[in-house]
Amino acid sequence: MTGAPDRFDSPALIDHHCHSVLAGPADAAAFGALLTEGATPSWADPFDSALGLSVRRWCAPVLDLPPHAPASDYLARRAELGPAEVTRRLLTASGTTALFVDTGFRSSELLGLAELGTAAGAPAFEVLRLETVAEQVAAGGVGPAQYPDSVAAAVASRARTAIACKSVLAYRHGFDVDPARPTDTEVRAAAGRWLRGRSGPLDDPVLLRHVLWCGVDTGLPLQLHTGFGDPDEDLHRANPILLTGFCRATAATGVAVMLLHCYPYHREAAWLAHVFGHVHVDVGLAATYVGPRASVLLAEVLEIAPFGKVLYSSDAFGLAELYHLAALRFRRAVQDLLDGWRRAGEAAEPDVHRITAMIAADNAYRVYGPGRV
Amino acid sequence: MTGAPDRFDSPALIDHHCHSVLAGPADAAAFGALLTEGATPSWADPFDSALGLSVRRWCAPVLDLPPHAPASDYLARRAELGPAEVTRRLLTASGTTALFVDTGFRSSELLGLAELGTAAGAPAFEVLRLETVAEQVAAGGVGPAQYPDSVAAAVASRARTAIACKSVLAYRHGFDVDPARPTDTEVRAAAGRWLRGRSGPLDDPVLLRHVLWCGVDTGLPLQLHTGFGDPDEDLHRANPILLTGFCRATAATGVAVMLLHCYPYHREAAWLAHVFGHVHVDVGLAATYVGPRASVLLAEVLEIAPFGKVLYSSDAFGLAELYHLAALRFRRAVQDLLDGWRRAGEAAEPDVHRITAMIAADNAYRVYGPGRV
Amino acid sequence: MTGAPDRFDSPALIDHHCHSVLAGPADAAAFGALLTEGATPSWADPFDSALGLSVRRWCAPVLDLPPHAPASDYLARRAELGPAEVTRRLLTASGTTALFVDTGFRSSELLGLAELGTAAGAPAFEVLRLETVAEQVAAGGVGPAQYPDSVAAAVASRARTAIACKSVLAYRHGFDVDPARPTDTEVRAAAGRWLRGRSGPLDDPVLLRHVLWCGVDTGLPLQLHTGFGDPDEDLHRANPILLTGFCRATAATGVAVMLLHCYPYHREAAWLAHVFGHVHVDVGLAATYVGPRASVLLAEVLEIAPFGKVLYSSDAFGLAELYHLAALRFRRAVQDLLDGWRRAGEAAEPDVHRITAMIAADNAYRVYGPGRV
């Protein structure tokens, strides 16, 4: 990594939730569209943002440009190096030890798991997007009567090679649903309706709850998109606090619930991680976007979240820059916060090292399983 | 301005939402009542607040008193100078380049647009308060059948000389309404009910939606009061995130949606500005009240709000002090945040100057229109 | 107090809401369970938290251990000294001038008021938990017809020796209830249902509202648990902003409404304190848990809360450590914030001292009554 020295002590960094990188090149429009969660066109230039400044400051040197290079220079140099070299440079600069990759969204445009792992110099594991499995079962021609068992079987089968399951209930409906597992009768009735009129993504609340509980049944850690995301969601209906009932309902299952992103509701998410033994939290995605403010986000989460419940993720999608920036912001945030505590006499140096390692990798290693990662 | 040197580089500062100044003097009770959004009487002295300290610190020198002058000295000196001189001093101290003024609230107590502009040494433009137009049409004796067209015509006519429209739906009902334009049949039925029993401000949700969409039809930027305000509103029902559906519904109209104040929901408002191309945001009013914490509020908004979507407003009402303090806090907040980024190596100096100018005036100039401002 | 010098100028510190200390010893499991609001078992060690680090840093020296002593050393030394000595040391270290104690929760495990006062070297006053009174009346064998008057009489009688009333409506139902006083007919009907099936704590919303208004009728300050607490509550339904209607309904009663804890909704609580003359706020409990971040919480509350409306509480329960840490964090938070304003020229030294004294004790003294405290 070019730039300021990195004083993070633990080299291990597990990215417990990301996507893969674009396989091909990105022109200015495509690059800009991936630099925002927003709809386009917009009245604002995506480079004029905390994230845009971060790309010019921290990624430019990785591509041999001076810090703060203009966006046009950056895009020209990026095109000149080509996608493979850009990806290789930025992913290795991220220093990530392992990547857990959601393979269920726009995967045809992205590098496969093996290619991503090679580019990053780190193993890549599959995170199984539950709604995509249900949609694939539906596309395969299942009837309403067979729907519950067929989806359950497909999830169970696909989970054998996955590191985690993931739900995008936040996007498809919002968390304002009954948290309980629906009965097979309810599922069959809902499947009858949805399969008949099916023209888009799975958005029936009963079927969304059904596949979510199929995920619980796998015993794998269950990741949930919460908070910050694109305008397909209602942000306030993706507030993780609305999962309180689901956290209660899953407390006795032994399954780890992993709340992703959470911003700007990360203090509420931290409360869930505080009071429910099996709930974990990260501020991925947001920490990349907010640039220098990442340390504030981490500080807000660590106010009441137990140190053993906070993890690192990038939620990077498409642009190799996002993996590098996520790792850089996370490392600096941990450093700012914990080393600040050490300097203020609030924490001893060995504790700082230990807590840093927990959040960066050890918590993920424990949750997702020794022997798996 | 007396006090600490002002290192803000761009002199241009467009206040895209304010009210006018009291025409007459204010005794201690009247001054105190304008120094809070709260009901009176209160168990607390309004001077014992971040805003009260700010008046004593930053306005006292403008009236030739030492910083931190006692409240009683301040009020005595204010009375001695008289309202015209106090207004002239504090408004010119604010260094505002242009003022966009909501003329629809308690306007009989306040200076007219021309007088305000003269006192400030800057042009003042009218912001048209939509609900007031509808109430004026009702007061003029319209029947239910004519109500939809009469209100629409009045809004269109008044808009010809206005710089923007403004809605106080937050106060009159809250944002928990259907965001869609109501049909004429619905409006006529609602008008029949409201006109019959009319005894106070417009508060029927159908009629509020109707006049809001009349505002959209003008094509002018549409300002919405959101968040922080007085106890006539339910704060949580004024959360801008509840406008998500309205943002979706207006995305294709070409109208700029301007979310005012937003505190303490400004991170949620920033998400709306991030994901919807036409949505803009400010932290006016709150930034004045919170005093030294204004830079934190701005930092929180700029976490994910694009720099091209953030504007300055004072939302000052009645007291000339509020214009000066709003401008002072805003300039310092921008300085603290952006110059902090420069010092930390996160942003280059030309970017800092450019972004500062965007937020202070250029975004407003672009949204409200060259040729108008 | 051992540790960093305490530069807090006012020695007076009124803890306007706490519980009592465990009467007996606490083994590692019991200690850990009291170091979190969370359910056990958890995937995380309670010592690995901002609060856990605080105990090791700031309480260890009070027990003659070096700062940052390992948790096992701390627990061993604690056992060696015995509960009486540990309690005496940590409570006197807290430097609290008076304690207002909720006596209605798990009181059989805790020191009585007199014992607590002796250990703290400070007078202890009773805070009357309203729901407990209603449950005691029910346990005494009242019928539905007598229920309204019997509960009202019991509250009035018990209130004669109490400093305040307290409601845990947040735990028993949430604030999403009609804020109005229920009629006697409604109360009798609800009492009929609840008394028949009674098997646990009072959770009927009509009866909860009834006893809440019995509390209002006493004229004593009314404390309400809001925000941060254990998983028996739904955090978002304990958001104090949902008390807006209740604040309106009580505005004319002359009763002070005291919003306890509030985190992470303390900015919304501060708005209530800003706009309603009789509403007060604290960030107790949370300020202890978040450790070095307590000054941020206080800063967030003082953004718009009038200085005359903010109080100190520990909400400490069970562990003597929590009284010491609450006082220490509060003193440092006030110091960080107000002395920061002084250094930045935002406030004069006499104002800093005066505001400090207000928040630490004078506001409590004024609200709860000279002649009582």
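Annotations
Each chain gets a letter, A, B and C, in the order it is written, and its residues are counted from 1.
Assume a contact is a pair of C-beta atoms (placed from the backbone, for glycine too) under 8 Å apart; a residue touches a chain by one contact, two chains touch by 3 or more.
Which chain is which protein? Per UniProt: A, B, C = Amidohydrolase family protein.
Everything quoted here is computed from the prediction, not taken from an experiment.
Summary of the copy comparison: rotating subunit B onto subunit C for the best CA superposition needs 120 degrees, to the nearest 5. For the touching copies subunit A and subunit C, the fraction of interface residue numbers used by both falls below half; the interface is of the different-residue type.
Per-chain CA centroids place subunit A at a distance of 37 Å from subunit C. Multi-chain contact residues of subunit C (touching two or more other chains): none found.
The residues of subunit A lying in touch with subunit B in their complex are 4, 36-46, 48-50, 53-54, 57, 67-68, 228, 230-231, 234-236, 263-264, 286, 289-293, 296. Residues 239, 241-242, 244-245, 248, 251, 256, 267-268, 271, 274-278, 280, 299-300, 302-309, 340-341, 344-348, 351, 355, 358, 366-367 of subunit B are the ones that touch subunit A when the two sit in their complex.
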